[in-house]
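The following pair of complexes shares a single chain, subunit A, combined with subunit B in the former and subunit C in the latter.
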Partner chain A sequence: MFSFQTIIDNFPVLLGAARYTLLISVLGCIEGLILGALICAAALSPKLWLRRCAALYVSFFRGVPLLIQLLAAYYLLPVIGINVPALVAAVLTVGLCAAAYLAEVLRGSLNAIPKGQAEAAAAIGMAPRDVWVRILLPQALKIGLPAIVNELILLVKASSLVTVVGIVEITRMSQSIAAATYRPLEIYLAAAFIYLAINLVIAQAGRILERRLTV
Partner chain B sequence: MTNQQTAPASAHLRNVCKFYGPFQALKDVSLDIPPGKVTCLIGPSGSGKSTLLRCINVLEMYDSGEVRIDDQLIGYDSPGGKPMAPRRLREMRREIGMVFQQFNLWPHMTALQNVTEGLERVRGLSRAEAQSRAREALAKVGLADKESNHPSHLSGGQLQRVAIARAIAMEPRIMLFDEPTSALDPELVGEVLGVMKQLAAEGMTMVVVTHEMGFAAHVADRVVFMERGEIVATGSPREVFDAPSDPRLASFLQGYRERNSLDF
Partner chain C sequence: MMETLHRYGPDLLTGFGFTLLSWALGTVLGLALGFVIEIARRFGPRALGYPIRAYVEFIRGTPFLVQLFVLYYGGPLIGLRLDALPAGILGLTIYGSAYFTEILRAGFDAVPLGQIEAARAIGFRNTTIVMRIMVPVMMVSALPALVNFAIILTKETVILSMITVPEIMFQTQTMMSETFAFVTPILILALFFWGFIETISRFGRRLERRFTHYLIDRT
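Up next is the complex of A and B:
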């Protein structure tokens, strides 16, 4: 028998665990976007060593599974004398990984903007900062928005991996409740519902932003 | 109106060389562009017309020689010296308007915003001042009623006229045009050339790279023919079109006439 009561009873606990999912996703996303923009800037720099560093960064964080990265951060940091709570290590790692993907999305979007756009701005004497802020980034954001939204949704789902360093977020919490109540179907459905709700909000926000940027 | 700030500028190139890697696009080019006159650059594809034009506002940095706006060197601190400070270059570029073949309007801004952007960010005008100046410029190119259109909702001819408005609103003292009508459907060429003629009549210094020999013949004060990175012939439209002395120029014009079966 499917038991709605199990879902209702355990929903508050799952929502409590969702706080960690949200915390890791939101902070990881902010870190990923800021760091991703910097790595993208490095990847487009005229300086060869900066481009090399960016390429190295991207291949590492894209090429190694996030699970391994989390474990490495968790076990490695104390060894090299850095003692941070598991949550901090998790957020940092998730953000570092997201940055690699977002940097590539941004780079692709910027490359899609015709060279004449920045030239027209330079020709009237616009300063590089204004060229970036007023001309290039708004266009790159619009081009890259669907892919950025994709990355953010993947990030929310990937946040379940932080259980390996002992953080009890939605997935981990539903596992323990499922084991305790012998009601895996109900509990995992409830967990799925929470993930879905978070990601629908992100998708909708993306759609609204996209409409704003579209003319 | 005619003071030091807004008087049309002259431009002077002395022994300008430009390399793309090992390929020399400009070979020791010297040219004087007189103030308040229209100078048309013609020549076969790949002859270096765009490169020459882009060296005047240093969108391409030349490798040696001198480029001056009036008597001020642009691109380098001193002849043969270090590249000029970016801030100083930007100041000089405010005086030089440029219009591109592909318009290069900013698609995320309306026609009005395309024009106000430079006035606000570069000239430092208030929004209200910028808008009133931008509206004047749009009216001048006949697009007062299109100010709230985005570029995706304008025709090619209208796009290029907005681009011209964007340039003239900055009150440049010299205007560079790189094949401003080449990307246009034939029936839209006239409206852009019309605006350019009006600018010429107002005494703007204009350097125009063009394949519109009719425009060059009727509006240019001087025609410059380039081939393989060199200036091969210059003269009045009459001298260049009616009595070409250089055989390469003669054969270029011959080819053009055959392709277009036109008389001018």
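Up next is the complex of A and C:
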């Protein structure tokens, strides 16, 4: 029989674990945006080797499944002498992967900004760095907002994979509860609905933010 | 090194076979189910709209891993007792169907209404309109998104290892835990997947060009 009582009893614990899901996806998204902006700048740079590196980065991180990236980082970091907690490794890896996708998002939105703006900024004597930070990036972020929100939702879902490196977020927590209560159906469904709720909230927040930003 | 390869080579190869099998079946069945759902939404009774939307939102709003857990570990409680491989393929099918439905919907929406009305005016039946007018026109605009999602599904197949489907990731992990060599196998697996995805993306782009070359030439 489907037991709602099991869900009610374990719901607070699952919600508590959602903190880690949110932590990993939000930090991963921020890291991805910062790195993604750098990669995007490299992809649009006049120097050929920079463009090549950016293309290689994007191709690698989009071509390798995140699960493999996470395990590779988990096993590789200690070998090359970097001893960090699993949580840090997970956030770093998720962010590296998000950067590849966000770089493409930013590149797409930069193309939508009229060329004249960067030229005008350069003409009145702004340094290239200022043109990026003050003219191009703010607008690219605004134009790319729907895609960035979408990426954040993807990250919330992708964060379920960090269970393989032992971080107790929603999925890992639901695994232990399911093992302890012998009620996998109820517990995993409850976990699924928590993810769904988080994503619906993010999507709605994104829509509100979008409306605020478009004048 | 040679000894390890000799010992585990066949397993890894079988694993890759299972990866390909679950990907191919998951994509084809997912596309078929997505098509059926989209046709039901378009031509079925209006009351179907809400459950279909709920289905799509649920599948797209939850992680694939959790869906697999519900199916594989939760399934037996409602009498759905599946082995790992069929459960994995069914999981991929369900997961894919929700995304494919949305891609097909956008594709069908882009079919000019006049063409459908014209077909109806000269007396085409609904099935003929779908198969002879809507699907060919839709394929042109939806193909890039369909190919793209099929490529995304390749990467999702490694998640099947979490419910013990003996695909390549699972085989690699078995090998790693038996030989205590961790870094090299996982890096090789990463490079292997990179090459694999690059290859099928290239193939996908060629397929797209074949279907849409006349569009590109015109603009």
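As a convention for this text, the second predicted complex is superposed on the first by the 191 of 215 C-alpha atoms of A that agree within 3 Å, B and C clash if a C-alpha of one lies under 4 Å from a C-alpha of the other, contacts with A are read in each partner's own complex, and residues count from 1 in each chain.
To be clear about the criterion, contacts are C-beta pairs under 8 Å (C-beta built on N, C-alpha and C of every residue); 3 or more make two chains touch, one makes a residue touch a chain.
Note that the structure is a prediction, hence the values are computed from the model and not measured.
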Which superposed partner A:Thr93 touches (first subunit B, second subunit C, both, neither): neither
Subunit B versus subunit C, judged by how many residues of subunit A each one touches: C
Contacts of A:Pro138 with subunit B and subunit C, given as first, second, both or neither: first
Contacts of A:Thr171 with subunit B and subunit C, given as first, second, both or neither: second
Touched partner set for A:Ala127, first subunit B, second subunit C, both or neither: first
Touched partner set for A:Gln117, first subunit B, second subunit C, both or neither: first
Contacts of A:Ala72 with subunit B and subunit C, given as first, second, both or neither: second
Shared subunit A contacts, counted only where both subunit B and subunit C touch the same residue: none
Complex interface listing, subunit C residues touching subunit A: 57-58, 61-67, 69-70, 73-75, 77-78, 155-156, 158-159, 161-162, 169, 182-183, 186-187, 189-190, 193-194, 197-198, 201
Residues on subunit A engaged by subunit B in the complex (per definition of touch): 114, 116-117, 119-128, 130, 134-135, 138-139, 142, 213, 215
Partner subunit C, residues of subunit A touching it in the complex: 2, 59-60, 62-69, 71-72, 75-76, 79, 153, 156-161, 163-164, 170-171, 174-175, 178, 183-186, 188-189, 191-193, 195-196, 199-200
Touch list for subunit B against partner subunit A, complex: 57, 59, 86, 90-94, 96-98, 100, 102, 104-108, 117-118, 121-122, 150, 152, 163, 166-167, 170
